[in-house]
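As written, the chains take the letters A, B, C, D, E and F, and residue 1 is the first residue of each chain.
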Amino acid sequence: MRNERKNDSLRKVEIIKDYISHPEGSVLVAFGDTKVICNASVSEGVPPFLRDSGTGWVTAEYAMLPRATHTRNQRESKRGKQDGRSQEISRLIGRSLRAAVDFEKLGENTVTIDCDVIQADGGTRTAAITGGFCALYMACEWMIKQGMIAENPVTGMVSAISVGIVMGEPMLDLEYAEDSIADVDMNLVVKDNAEIVEIQGSAEKVAFDRDLLNKMLDLGFKGIKELTDIQKQVIK
Amino acid sequence: MRNERKNDSLRKVEIIKDYISHPEGSVLVAFGDTKVICNASVSEGVPPFLRDSGTGWVTAEYAMLPRATHTRNQRESKRGKQDGRSQEISRLIGRSLRAAVDFEKLGENTVTIDCDVIQADGGTRTAAITGGFCALYMACEWMIKQGMIAENPVTGMVSAISVGIVMGEPMLDLEYAEDSIADVDMNLVVKDNAEIVEIQGSAEKVAFDRDLLNKMLDLGFKGIKELTDIQKQVIK
Amino acid sequence: MRNERKNDSLRKVEIIKDYISHPEGSVLVAFGDTKVICNASVSEGVPPFLRDSGTGWVTAEYAMLPRATHTRNQRESKRGKQDGRSQEISRLIGRSLRAAVDFEKLGENTVTIDCDVIQADGGTRTAAITGGFCALYMACEWMIKQGMIAENPVTGMVSAISVGIVMGEPMLDLEYAEDSIADVDMNLVVKDNAEIVEIQGSAEKVAFDRDLLNKMLDLGFKGIKELTDIQKQVIK
Amino acid sequence: MRNERKNDSLRKVEIIKDYISHPEGSVLVAFGDTKVICNASVSEGVPPFLRDSGTGWVTAEYAMLPRATHTRNQRESKRGKQDGRSQEISRLIGRSLRAAVDFEKLGENTVTIDCDVIQADGGTRTAAITGGFCALYMACEWMIKQGMIAENPVTGMVSAISVGIVMGEPMLDLEYAEDSIADVDMNLVVKDNAEIVEIQGSAEKVAFDRDLLNKMLDLGFKGIKELTDIQKQVIK
Amino acid sequence: MRNERKNDSLRKVEIIKDYISHPEGSVLVAFGDTKVICNASVSEGVPPFLRDSGTGWVTAEYAMLPRATHTRNQRESKRGKQDGRSQEISRLIGRSLRAAVDFEKLGENTVTIDCDVIQADGGTRTAAITGGFCALYMACEWMIKQGMIAENPVTGMVSAISVGIVMGEPMLDLEYAEDSIADVDMNLVVKDNAEIVEIQGSAEKVAFDRDLLNKMLDLGFKGIKELTDIQKQVIK
Amino acid sequence: MRNERKNDSLRKVEIIKDYISHPEGSVLVAFGDTKVICNASVSEGVPPFLRDSGTGWVTAEYAMLPRATHTRNQRESKRGKQDGRSQEISRLIGRSLRAAVDFEKLGENTVTIDCDVIQADGGTRTAAITGGFCALYMACEWMIKQGMIAENPVTGMVSAISVGIVMGEPMLDLEYAEDSIADVDMNLVVKDNAEIVEIQGSAEKVAFDRDLLNKMLDLGFKGIKELTDIQKQVIK
């Protein structure tokens, strides 16, 4: 068992509203020492494949500041491309948030969620989805106030948490030191009605059977419930 | 239920050995009309982060020919970068195959698995992992013959299959027409001892509960068992 | 003189129709151990410089799988650009095939010929032109069936062959082992009426006089005649 | 004269130490609503042109989050390159900070200053230099504690401020609304001994004579003095 | 004091008209051994941000031939991007020349000034601005002759010169050998009415006080006056 | 027949030595209104594939200034890559010049030939090869003077000329207006002993038979003889 919290405990979660002033929705989300700025930008119009469909779009971009981590990473813009990990997480965030949106109600508008990790200590993608949902919701409220849309297109709440197997034991919400020695790392994106949006489990070192899978799911669903409650405080 | 096969049936699977003559391991794998060339290339040495560790590395690259699909995609080399999807699948294949290798037995050597889709009809990533495993195994056998290594570092068999929920029904090994209307799309990478290496499930349209998750896992494990038997024929 | 065939002999040439199912025209062409997938894709519309001209366009792209060769080449998409050799050959194939097309009959449509070398043993560009012509022809036939055009815009047959000087002797259709020691390497693209479309001769090691040039042309024209007969079987 | 402060007044300046936990030096600097995270990263070794010189190097990189501004900018990593403005400011910050360092005392070490604008309201480059100096100083103190160097190589304090001509009047520390209507925009980088490190004045709309130049310099030197006092509080 | 000319002397300045035949305006400008080809290209239309504004645009691009310098630089096109210095100077030239243009008189037309350094010996950016102005003026004259515009939109003359502090002494128009040992390097862009368009001074080694700044300005204004006279000869 | 010169006449050819001062060899070559700066740069060492072989290397890079042509081309560095045509010609120049060098005599040194077209009127690649040869020869002479090599490694003279079929008539040294209406365009690179180094003929519109090929070769060899005489004057 880990030192300061139980295996089934989340780290301290904080979501600060209106962290940046310009975006239509903005929060700073912290899962322990992991801190992510989530900004939602509204723009009229949609990508070409949706033009004249009457429906909208939600997309996301994820990145880390070069020194969000223990050692400095080269800036992606300097390398001339996003790395594969950043793109993969961007795609995951976008898919996860789209699962909570009624695109007809959004009309032909696009909401872009920028998730920029300013400090990383494990779980950056789950923090980004959880905070990104709040930013998305706030941007939709802003659109209603502007008269762009009639009602909030968000159909349910979405949050995300990691679970892992560390030294044989299932653990919730891994921080970096735990993640780096985990045998299995799993990320769950779940709606507030307990339906799964995404499940991504990866055996970094030791493969896992269905029994362990179920134990991890139990932990994850417990964490999701707590995150949903925190999100509700933020967007109420 | 679908027309020509049962919901729990694989498509016709074929794995043709030595499809290309130059690589140390090479197969053409077909899952129905999906066809992927999997070539394994052996090189001495390892990436910088493993240098002088005495252990080896396995990596993978996935790509599609421009006209593997119904409509032509722009060539990635012409766009000047790999797209996010290709990189994400490349990373998945690499992780999945590394789960089956004892890197100390591999020594400071690298095996690169190139998975090039020449014809796509759904399930290209699962075909690539299943065929890529065979190419990897063959390349390891080649290394033994060359005297580069003493014993085969492959510790178990790895294959992959997709499962989905199509019009409410769980289905195994989705082809493109099914995949494009599926509510849920899940890919499973499993070892021959029934342990999970990767689980990636995504609710494209409708989120799913744990009961449906279990039904999909049942189907997937059935498919994996059949794939493992086919792989055994190839590498025996 | 070489071992298994005479200096004026082609390698075994095979052209397999409909190799890939999605393209409007598709062949696998083999010149001995050199194997190239040639896919023709039809799209409505033309590049900007031809818009509203009433005439069409044919273009080509050539690439090799990373392990088509003895040692693995880095994937072009990963390097972030096509290499110079690939672009040069792409341009050659496009020019060669355009010489056989009446663009007014093609209407404002574009045919893109993708030539992907899956196994290389010398002569990949000549195989690509010879097979690409067949794919182009088949795509034009498809357009007629679709009612897109009234008659086949192909005005004659085009094929290509290499000739070289190896250890002082002119040789037809060099394979890799011969090509790598050749003093002169020449590629000829010729129509079925014996008119030259492209001649590209390069003295890799020893320059050549006009007498040798003529001897090489004699050999090349012999090979072209045989290739034209094979093409006729394919597209008849 | 502007509304809430005099023409020769700075906005509220805040410099928060240790904003991010991993870097060797880190501050959040705010000039009014402009907020920049400045992180200093220490690495052993120097760029090739200094190798074996016994002297060190300081370099800087400047970037903005996509939604630091009123409307969202495309992410530089997605465009595949840093834009010209970012590179120009990165070069300015690096040059400015190098003017305050004794490179022999730094030894063969490199300090990289990342300046990431999270919220922009004019004066981002001057805030970045002013905050970047503090991060640099803190990183040097860290190196002393680590025993990497014997004494602090910083030879004097460096800060920066903007001055402009807005509707005919010289004004200190322009915010965005002022900057966008300014006739002249000038940035000054000055040491605490009142010597100029950089002067960059640009007539966006109306060119200026030497008399106006002197008035702007008077304003700028007043602001620099106040910034220096704030920096001293931070690094003391 | 330097050998062959006084500290307040320009190098020999030559501006050769119509150096290249195709452009609408073209000069070769030489400041001593620094030689820059300045070509002005006229195109109808303006960038998106000016569309339907009724006003025009002037932009510039600066580059060096690989062997314009003592040692060869890698070609920017081969590296896949313009380097930061080239972009920074391109932006400076564009801004400087735009300060001399009435964009309503230019109409919705764009003039692009290409400044290509064929031989570099210090002061390439100042030569480029000085020569670029002449090319711009000539292109405007050409537009009048073509009937594209009614009167010349150039509102005044613009030239540029460098000044530095070398071994404690202010010096005008630094050549490379002087520039490389200068403590301060300043570039001035000034109109013929003695108003400053750009001032960019940088303390490469030793910061400078306002007294030295004024001495450098005196030298610079003297040089600008002489350059303006030479420009008048060219465009009269 | 064309207006001002006979079908078998070269345009006025000029080769000006030492055009740029820094390179080890430099000429400006003019074929009529086509003007190319050819600079040869010597560097110690060779590319990786030749390391420790005791032999040297010659390589070339070809580019055009944006306004060398009638209408402005986008700068290759701005597009982020060399275009296919530039790379193809670069490769041709390099191959052609290497045919004239004894690499053992060159030792482990590299000569890079930069051919930058400042004004284009057809035949830029043939001018580049002809001028590039002179720059290469001069650089080799420089190396002897420096004591880097014992004797000149150039084994013979190489020059290049274009020939075409314009309105049915063979013509030597096509200028742009002729080239753009030519049915056939052929480039010949020939040594002073009348041996062919490269032959590249392309039927832009109408394919050609062997009789026409021979007529073009006759014209080309006549031109080469005259070019060789001019080169001899330059390098003697």
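Things worth noting here:
The rule we apply is simple: a contact is a pair of C-beta atoms (placed from the backbone, for glycine too) under 8 Å apart; a residue touches a chain by one contact, two chains touch by 3 or more.
Model, not experiment: these values are computed from the prediction.
Chains that touch both chain E and chain F are absent from this assembly. Chain centres here are means of the Cα atoms, and by that rule the chain farthest away from chain C is D.
Between the Cα centres of chain A and chain C there is a gap of 50 Å. Distance between chain C and chain F, defined via averaged C-alpha coordinates, is recorded as 27 Å. Rounded to whole angstrom units, the spacing between the C-alpha centres of chain A and chain F is 58. The residues of chain A that reach two or more other chains are 80-82, listed in rising order. Ring order of the chains (start chain D, then chain E) is D, E, F, C, B, A. Chain D contributes residues 20-23, 26, 33, 37, 39, 41, 43, 61, 63, 65-72, 75-82, 86, 112, 114, 116, 118-119 to its touches with chain A in the complex.
Considering their complex, residues 81-82, 84-85, 87-88, 90-91, 95, 99, 186, 190-191, 193-203, 207-210, 213, 217 of chain C touch chain F.
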